Structure formats: C-alpha cells, structure tokens
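To start, the structure itself, in structure tokens.
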C-alpha cells in the first residue's frame, strides 16, 4: 500500500502514523488494527447493553463514560486518517471514510437530540475492517463470487419479487374479505402483513385465520409459498455454480508461450493453433 | 410496434393517441405511461387505506372521490385503447385487455353491491405495465427462463404435491385420533390444516400438539418436512440450471458460413463438416 | 395389458369385466376409472366431514349411509378384481391389492371397535389410481427420477439426519438445564421437541426461551438450522441434476449400426471405433 | 484391524478381549457392539426420562440403579480398552477415547455436584459407534463429501454469516427504536433476538411488531430473509455438486498401464501420451 517512494514524501511523523494506521504487516500496525476492532466491538456492546433497563440503572454512568471515551478516540483516529492520507478529500468521500464519520456523529448528536445514541449501531459496519487482518483478499474473492451471482440474477429476482408482491396483495385482500376484522384481519395492509408472514413461512401466529374458508385459503397460500421458495434458491444456486465454473475455468486455462492461445484441451501437449510445445 | 405503414392508415387523432398510449419511446408516450402507473398505484393505495377504519373515518370522502376520479380516467383510457387499436376485439379478449376491463368494473359494481370495491385490488395486475418502461424485453426473457423451468418440472412438482397431500391427509387424521378435540384438533379438516402449517414450517402455534405422543409425531412430521422441502428446490434448481445452459449454448454456437453446421467445438478453426474456414 | 390371446382364455363375463376394470382405453374402462376415483374421493370427504361435530350432528346419518354404500361397492370391486385376474394371489399380495383390502376393512371393524372408521383415510392411497387416467407412464418416469435421486443420496441423508439428531439431543438437554421447568422446558424430551421445532424453523411459540442466555443459545441454534437446511437441499439438488443428466445422456447416445459402440461425440459422422458411417 | 502377527504378541486373554471389543466380523464381536449400543441408548433414555417429573416420582430408583449399573459397565469397558490396545496413551487421547472418558465422568461427578448427571447426554456422541456395524466406510465416504463441501465453502459461509449478523444488528436496533419496550422490544439484545427469529423464518410469535411502521419493516426483513436463505443453499449445493463430480471423475479415470497417464477421453482406445493400447 505504501511503497517506499510514496512514504518518503511524507513527514516523519506522518510516515510513522501511516504505517501504524494503514499498515497491517508490521507489529505496530497489527496491534493498532486489533485495538481498533476491540474499541468498535466495545462501543457496540455499550450501546446494546445501555438499552437493557436493569443494566442501565446500575452501570449507566460506566456506559456513558465508555461511549464518550471511545467516541473521542474514534474522532482522533478520523482526523489522524485525514491528516496522513495524501488526498484527504478522496478518503473523506470514500465508502469507509463516510462510515468512519457517521460512526462518530451520533454521540455528538445526543447533546442536542434524545435517542440519537442508537444510531451509533452504525459502527457495526466499521467491523468490516476485520477482513483487513484476516487476509482480506481471500474473503473479498469469495464475496465477489456471491455479489456477482446476485448481480447476474437481479432481473430474475426482480421478476420473482414482483410476482410475490402481487400474490401477497391479492391474497391479503381476499383474506380481509373472508376473515374480517373480528378475527384479527382488521385492514388490508394488516392482511398483507399476514400474507407476507405466511408466505415466507415465518408464521408468528399473532394473526391467524379462524374460519374454515380462511384456513383453506391460508393452506393454499402456504403450499404456494413452499413451492415458490424453491425459485430464488434455484436462481441463486445456478448463478453461483456458473460463477464458480468461470473462476475454475480461468484457473485451468493453459496459455501457449508462442501465440497466447488459451483454448486447449486440458491434456494437450502441443498448442492447437501454432503447434508450439506446451508446458 | 407501430410501423409507419400501419400508422398512416389511422386517422390523425388516432395516430397521435396511438403513439401516446401505446408508444414508449417518445416523451409524451413515456409521460403517459408514468402517469398511468401512478394512477394505478394511487388507486390501489386508496383501496388499501380505505380498509383502515381510523383513516376511513377521517379521509373516507377523499378516498371515495379519488376512487371515482381514477375509475373514470381508467374507463376513458379503456375506450381510447379500444378506439385506436386496429382490431378492438383482439385487444378486448387479450390478457391485458381483460385485466383493463376487470380493473374498472368493481367500482361500478359498488353502486349495486356492497363490498365490491375490494375487487379493485385486481388493478395490481395492471402494474405489469411497469415492465413496458423498464425495457420490457430483458425482463420478459428472464421471466421466460423461470416459466420454462417451472413448466419443464410440472410433472415432477405434481408428483411431489400429490405425495405431500397424501402425507398431510394421513398425518392430519393420525393427529386427530391422538390429540383429540380438547387440544385444538377438533376435526380432521382442522388437523389437516395443522399438518400443512407444520410441514411448510409456517408454524403459527394456534394449534399445537399437547400430548407426548402427539409431539413425537409432530417432530417426525417436521423432520420429514425439512427433508421434503429439499425436493422442489432440487427440481426447480436443476431445471433453471438446464434452462440457463440452453440459453448460453445457443449464444455460444458457431455457425459455419458455408454449410450452416453449428456443431463445432468452441475452439475450432475449420468447419467440422465441410472444412470451410470459420471466422 | 390384456392381449387378445390372453383374454380369449377368459370367460365372456370375465373378459368384459377385465376390460372395464383394468382397461383405460375403452369408454367403459375410462368411465369405470372415473366413477371409482369419485367414489374414493367421496368416501374420504365423508370421513373428514364426519369428524366435524357440527356437520355430524346434522348429517351424521347421511355420512353413515354413504360410508356403508361405498364400502360395499369397494368390497364388490375387490372381489371382482380377485375373480377376473389370472393369478388372484399375486394381485392380493401386490402393493395395490393390499391397499385395496386395507381400504375396506376399517368400516367392518367399526362394527366391533369404536373409532376404527378413521383408518378409512387409508383410502387416500387408492387415489394413486388417478395416474392411470393421466397417462401414467409420464408421471412414473418423473417419480422414478425423484425416487432415484433420493435413493442415491440415502447414505448422505442418513449421515445428515444423524448429525441433526445429535445436535437436537445436546441442545435440548442444554436448554433444559438453562431454562428449567418454569419457562416451559419441563423435561428433556419436551426440550428436544422444542429444539426440533426450532431447528426446522417451524417455531410454534408454545415453548420459547425466556432467559437471556436461553435466547442466545436459541439464536445460535436457529442460525445453525439456517445453515444446515442448505445441506439436504444441496444433496438432493445435485442428485436430481445428476439423475436428469443421466436421462438426457441416455437419450442423446448415438448407437453405431455396425459395432454397437455408443461413445461418440455428439457431432460424429463416422463411428469412432469401426469407422462405419452413422445415421 | 488385528493381523495374526500383532495378536500373537498379546496375552491370550488380551487377544480374546481385543477380538470381542474391537472386532466386528466375529459373532462375539458383533454381539458386543450391539450390547454396547443398547447400553448407550438405554443410558441416554434413562437421563431423558429421569427429567420427566411424573416418571421420576415413580421410577426414580430404577433410573438411578440403571444409571449406576451402566456407568460401571462403561467404566469397566473403558479400562478394558486401555488394557488391550497396544498404545493406551494414543487411545486415551484419540477423539473416541476422550468421548469414552467424558461419558463416564458425569455420573461420578453427581456424587459431589448436583445436576451433573445431565452432562451424561454426551454419551449420545458414543452412538457414532453405530457406523462401525453398518459398514462404516460407506458412511464415512459420504460424510467426507459433505464435510469437504462445507470446508470448501467456509469462506463464503463466513462472509454470508457476517452479512446476516450486520443486518440483524441494524434491523434489531431499528425495531427497538420503532416499537419500543411496550410492544415487547424491551432492549436491543432482545430486538436482535427477534430479528434472528424472524430472518431464519422460525417466528415464535412471543415478540411481534404491533405498530404499522414496525410491521412494514418486519415485512421487509422477512422478504430479505426469504431471498437470503437462497444464498447458503446455493453455496453448499454448488460445492456438493462439485465434490461429487470430483469423486465421479476420479472413478472414471482410465490409467495407462505403460506410462500412468490418466488424461484420456472416456472412449480412448490408445494412450494419448505414449500410444500404448488401453484396456
């Protein structure tokens, strides 16, 4: 990340800080990353536990202090990052830069607005930095396969979601007419909420059909949901399989030294195009 | 859609209207499509919110007016469509034509029958027109793959659904005999409803086995449902994968200019049938 | 099924009955099959509706009469089948023969034992005859693919079920120790029942963890169940895909007239083994 | 397992015991394995049934006696195993050896600590020995395919679980802010528990959104969970398919007697590398 030439143009302090904050190979760099992750985890835990009334009554002050200490630490870290990168504006507008800023704002907001502290949960996204330590590239590659598979199937998924939404709209209205308000289906939006709860097989049971006809319709909706869940799985599976095949084929390609031809059968001894010996 | 020759045979007004109503490339055509979609969405929202008692008490009049305004707009649109197409009967009996008619009838029905307004939810299907704007063909192609996959697996899915229905019938009756009415399994149809709720993993909890034997049977049914859900997924997945392979292979086919042969290995330089060089 | 030679050895009545009862191609044969299916459906409906107290109070007598009429009809049909087949013992011990017998016994049992009538639901299995009318072979082929896929993956599924059972046993015991009787986890078997309800994502909610530690463990179990459900799906899907590939490859095989060799590439013009020209 | 040479170096008793305890081919060896499995099953059942209050009140003494008898039997068996194997330390530190020890400790612990007996459920793992009788290798091979598939997809699954955890964290906090304590969302950890219950489609219904906005967010979370469940299935399926393909390809490989080359097309008659005739 920081080649010698680049870092030489930095000031001495900036250079050192750069290695600590952005580097991952030196001991100091690794230590900084681990401390940062612990601080993030700690601050998320503090927000979560603060919301538990029993704990807040006893340890409320501790959480407050922890919150402010960590926020000040994150603020310092943010400005250090701005100071040491060559192009501060590029960092400030990058994905991680925006997240870093969003992670410190909510605490300051609590000085003016009540309840703002819960937005600090946005810090969870900063945990993405964990991949930096765990040999990022391997995970990025795998994530890439997943993202590509989802991207490749986005039109199919949209068609599918459109069909599910129409089904849910129609079934919800039908059930509203069949069951009516006295059985919990008090309005069409609420019936649609029930239909989504049912078709996704979540099934809370807070609203459930009581009449025989309603139960029959619900049973049909469930069986449809049962069959329908197969569709997105099928879409994503075949895309992932295709994406993986692509990756494997790229690795398996044998390149001819002479002409660059890559279309050889896997056990070729001579290039199929120019006759040059391979490997 | 409207080639110059066709439109020339239209009257001037008809021609203009045709471009606006059926076209999507001109500004007026696009605007019309967007206005139409907003009107459909608005009318669906009105039906939905009208069913919420609190909102209806306050805005009931607004919903009524909105409903009638939009219905009159849709009625006009329907007759304009009938007027400007070359073969009105073909349009009136086409899928979208029937939906367009069904979407306006319910409101007029409410003059005679109470509660008919809820059938207006059928307008949701008109939202399919949204694909017109979003470059229809791409979505149609994807939808085609899904429909083909489902069609190709229809016999397997019917065999599977038959097996599930038998299982549900037998397990429902068994549970009715084991649990009996005092635990909520008051009749065989209701027990079958429970079995469907369980095997699809919806699990409302409004009916749940109370006896030890009943819970043991329920546990077996759940594990079977767990294994069984793999079957439709497997069916649809392998069909989608096959359908996608077909599409890709069609794209990848190399056609010989000389003899039209398409069965070439992917790295062939000469036609396998006639020896003609391939591009 | 009944070639002319075979039927000639039958008595005239037997011959006619055979064509009606076992045949599906003649009008009389088709009519008999449809009447039989209706009778089976009717008798299943009668058993189901008889269990609904409100209906039984009013129509109890009708159900009784229908039950006995249909049972006598099925008994006659059973003896006719025994009479007209060439090898009665083979039919009586075949799968469908045993089901046919089991379908009539329960009604006679009700003369001696109360509640036996519910076993009549076993008649549902007789509905399998519906495939006879719907061009049986096509469905049998599809069912065969599914059964083969399940058979091929039976060892994997047993390993998987063994793992799930161990997990459920251990998690159930853990939750019994964590939550205890006051939160509904009154015994280990009941806790195991809860664990199965949870891991299969049914989630009735009749037993649910109340303590924080219990909820944390439950959350872990759910996420594991979420990941685990992927395994049987993966197993069955890859087997179905493989089974379908087999079927396709068998169809696609090109047989050499000269030497019987089937291993040809799909666009071969000459046999790869003996050089004989192909089709 | 015990070749003649090895056993000759054993004492006569040791030799006999070895054949009985570790062997599976002789009648005595098979009998011992079956007795052992029954003892394990019996002891697990005893622990389970002891936890049912009604049964413990009546049969408490029986369970106690059974427990101690079986534990003493298992203790003897453990020391016999230690005595007869050639390298006792290797056995004592092996996976099965540790489990064998862990399976007997809890009962002795109950002399000092209350409730320790429930840890005896660890004996369930000893049931793995069942595979010894059922021709182990076949199941091991299948288990290997599953484990390999899971291993190969471990990075993808970690990326996926990370995404699910972030989603659950953010949605849980959002719902805590939207619904608040009066609707059951009393703290962020509890809201996260709800989000997990919802996204995995378990849906107990002990906590369910009551406000309209909360239900809308819950519906979105469900639909996301519905789409997301397709991802792990897709990952595992494509890995299992790949793993099975590997196994099949290995079996299908044709080895040249002359040079050991395995890269032949499936219908080759001569080795592609050295020209030696195959098969």
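Here the chain labels run A, B, C and D in written order, and each chain numbers its own residues starting at 1.
What we mean here is this: a contact is a pair of C-beta atoms (placed from the backbone, for glycine too) under 8 Å apart; a residue touches a chain by one contact, two chains touch by 3 or more.
This is a predicted model, so every value here is computed, not measured.
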item	value
Residue-number overlap at the subunit A/subunit D interface, same or different (half cut)	different
Result of counting contacting C-beta pairs for C-D and A-C, higher pair	C-D
Fitting subunit A to subunit B on CA atoms, where both chains share a sequence, rotation angle to nearest 5 degrees	90
Distance from subunit D to subunit C - Cα centre to Cα centre, in angstrom	29
Distance between the centres, which are taken as Cα means, of subunit C and subunit A, whole angstrom	42
For subunit C, residues contacting two or more additional chains	189, 192, 201-205, 229, 233, 235, 237, 241
In the complex with subunit C, residue positions of subunit A that touch it	201-205, 233, 237
Contact set on subunit D toward subunit A in their complex	155-156, 158-160, 166, 169-170, 173, 176-177, 181, 186-189, 192, 198, 201-205, 208, 212, 215-216, 218-219, 222-223, 225-227, 229-231, 233-235, 237-238, 241-242, 261, 263-264, 272-273
Residues of subunit D that touch subunit C when the two form their complex	44, 47-49, 51-53, 115, 118, 121-122, 124-125, 127, 138-139, 142-143, 145-146, 149-150, 157, 161, 164, 189-190, 192-193, 196-197, 200-206, 229, 232-233, 235-237, 239-241, 244, 266-267, 269
